[in-house]
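Across the two complexes that follow, chain A remains constant while its partner is chain B and subsequently chain C.
== the complex of A and B ==
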């Protein structure tokens, strides 16, 4: 027995990042409570990908699970980063919007139902372009309707991260949980380099990318709530904590004056040092479980 | 991409708010005015290029940090002021080439700024303000999500200078590993990929496509025509629901978005028994 205890906890843990979307969602629900809505055996696929020579996937990269966390009703929507970089298309967008709307309806009828969003996504699926962009606008609208009644908890574990229009969805959430491997931003480094030049952002500079978009920075500067190591049990515990906490007093995306003042105070004559913005804005939360 | 982005936005803002000067206190890239629209006083909002802007990557009409928070502030202000009275219409005049693509923007969490603006627009709509988007030029990607896509009703000009899209052509081609020519060809074959506003109109997302004469330099009758369309859209929004359900109501939407509507119906049915 003593040999087992010598193996460090980090080795014995279940990595969340290594799980696919469905397995991630199943790590979070109370045992026996999760039920997938419109699962892959119903084969509702993107009608737009095959005509472009791209293989569709039978869940369109979006897994919806209705269940309970800590005895409370929740709906989990998990995006599959391994399929088209978790991008939002017509079907995946409709699944997410429907899940949020139904949670809002139950909440209004007295059964408060939180939403847990596992976001691994590059944003709009460009092969479905305008329907993807519209889907994100609709997700935002439905999220805000639910947010009047029950919390939205976003988890960004990595390795895709959360980018593009879906970063607004994260920004509108009640709580954001990230790992140090995760990234969150509107524009990825490659896009900035393409649009504004390599002197603006060198997308091969991974240290710079994580210094700006990484989980430690986003939590450190107070635009995400909790940094958790890549451990399914720890992520599940963080999600459970926020489901139980219910709605925050005020949502981050409503703190317009605070952030407007912060933007006004920035010296824009040069690039912003990530560490100094963390110091100025942040509440310097520690990594849970870190030494 | 036209070099004229934002000029149309400014021209239409001025045309529709002529007698009422812009409010003080916004950055040079954001115009706000309360102006008469039918029997209402409506709040008009527009993002315009500002070559002297503080942030170097958003001087050509992109929506950046200052723009997003300025929009959010102006909308929240109108919502607060109208808390216990007639909810004024909010009109977003849209001519935005994109969100800001800069390192400063990323470092200072532009995703949250964009979220704050979308939050403000959607909250205004859910509280009963008619929120109308008037797309006079470009409405691209995160720029449109930040400024305009939460509208109760979207109006757009039927004009080749009007583009509503997820990403401009050159960037979309690079990211999907296609040539611009391939992308244009695909746009003709695959409706949601098209850059043509008439194809966009077939997705069922628009309230109306407006045929206007000389949209760069509108004459008085054209301005009157657009004003009437806005008044009609406001009345229609007031008579309808405060969500985005109208995206799916048209015959076009029911046809084009059949897969999405099927997904929705099945989840709804399964939800009841789970």
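== the complex of A and C ==
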């Protein structure tokens, strides 16, 4: 038996979580097809951070790569969780918006271009306040335009997760792929604790947070499509599958009636727990479009 | 916020690759290293921690005492320690000379 077979596959795998935004994007494209747009040497930095004594980053934490997945044209937008928690500012927002707009234009002209969003983000960059809010509004409007022509695949790998305004972007995308380490939610645990008290949500209770916001629960209750282990090859395969699948028949966010009925049916006289929601929603009529 | 500049006229060896390493996250920094068109090395640093220009100069002097490359370096620093700075410089040099 050679030494290599003694090493478990889990150790030999390439961890996706441990890669930075650029390396993550490059793991997904077909070899030799990826080309970065507005890379770090263009020095498109946030003009607002240095004024507040904060170091900017030369790509503003937003990596845009055009390329192919399974031979189909895609644009990948990866947010760098290590820089300001992947928050959206004026520049990173403009990069993401422009990438989605160009994909929509190509798609309208017959070259269907899917978007893959690697979201590690706390949402709006508070230091850029209204500009960050406006950026997310623009991203959403561009996403809705592209969504009529080509699928938008969101990957949340961790460990930052996807929160705030960018969780709306995730919710509007065609498919969501998550790892068990990833979290998805509107308000983060610390924000809820700060606003409503520790009785409402204890942000130091990791088991509680993951039971509610974690990838397993989100896929289990049907608000995300696929749970994939932290393995670059497996995540790339999941993304390829959804790029090839094309548009879902109905997007999750279009099923307003379904979700309105589900929420109305919840018994609020008792404390809701994650597992019963998973039973009620996950095994109920499968969400259309979800695989 | 502090801006620092250093020049190393003795670093003359031509390089023709670029390197981008690191992230401007807490305790870390980002380096952009690319060929310089003046035939000498130039460094610009933007750091969020004020008052350490002597330490920066010492680390840069140390790096260029061993590294001969006509490179233009820009650093966005979010509080990297001198050890981290030197490691990031060596990492960028390694990427360029691979």
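As a working rule, the second predicted complex is superposed on the first by the 280 of 291 C-alpha atoms of A that agree within 3 Å, B and C clash if a C-alpha of one lies under 4 Å from a C-alpha of the other, contacts with A are read in each partner's own complex, and residues count from 1 in each chain.
Just so we're on the same page, contacts are C-beta pairs under 8 Å (C-beta built on N, C-alpha and C of every residue); 3 or more make two chains touch, one makes a residue touch a chain.
A quick note: this is a predicted structure, and the numbers were derived from the prediction, not measured.
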### Task
Have a look at where A:48 lands relative to chain B and chain C in the superposition and call it first, second, both or neither.
first
### Message
Just to be sure I read the superposition right, which of the two partners does A:184 touch: chain B = first, chain C = second, or both, or neither?
### Response
first
### Task
Please work out whether A:86 is in contact with chain B alone, chain C alone, both, or neither, and reply first, second, both or neither.
neither
### Task
Examine A:40 and indicate which partner it touches, taking first as chain B and second as chain C; both and neither are also allowed.
second
### Task
Would you check which partner chain A:20 touches, where first means chain B only, second means chain C only, and both and neither mean what they say?
second
### Task
Based on the superposed arrangement, let me know which partner A:66 touches: chain B (first), chain C (second), both, or neither?
first
### Task
Look at A:58 in the shared chain and tell me whether it touches chain B only, chain C only, both, or neither; answer first, second, both or neither.
second
### Query
chain A residues touched by both chain B and chain C?
45, 51
### Query
In their shared complex, at which residues does chain A touch chain B?
35, 37-38, 42, 44-48, 51-52, 60, 64, 66, 90-91, 93-95, 97-99, 102, 124, 126-138, 140-142, 144-145, 148, 164-165, 167-172, 184-187, 191-192, 194-196, 200-201, 212-213, 218, 221, 223, 251-257, 259-260, 262-264, 266, 268, 271-272, 274, 277
### Message
Give the list of chain A residues in touch with chain C in this complex.
### Response
20, 39-41, 43, 45, 50-51, 53-58, 80, 82-84
### Summary
Contacts from chain B onto chain A in the complex sit at residues 54-57, 65-66, 69-70, 72-73, 76, 98-99, 101-116, 118-120, 122-123, 125-126, 141-142, 144-146, 149-150, 164-167, 171-172, 174-176, 186, 189-190, 192-194, 200, 203, 205, 243-244, 247, 256-264, 266-268, 270-271, 274
### Touching residues on chain C, where the partner in the complex is chain A
1, 18, 20, 23-25, 28-30, 32, 34, 46-48, 74, 76-79
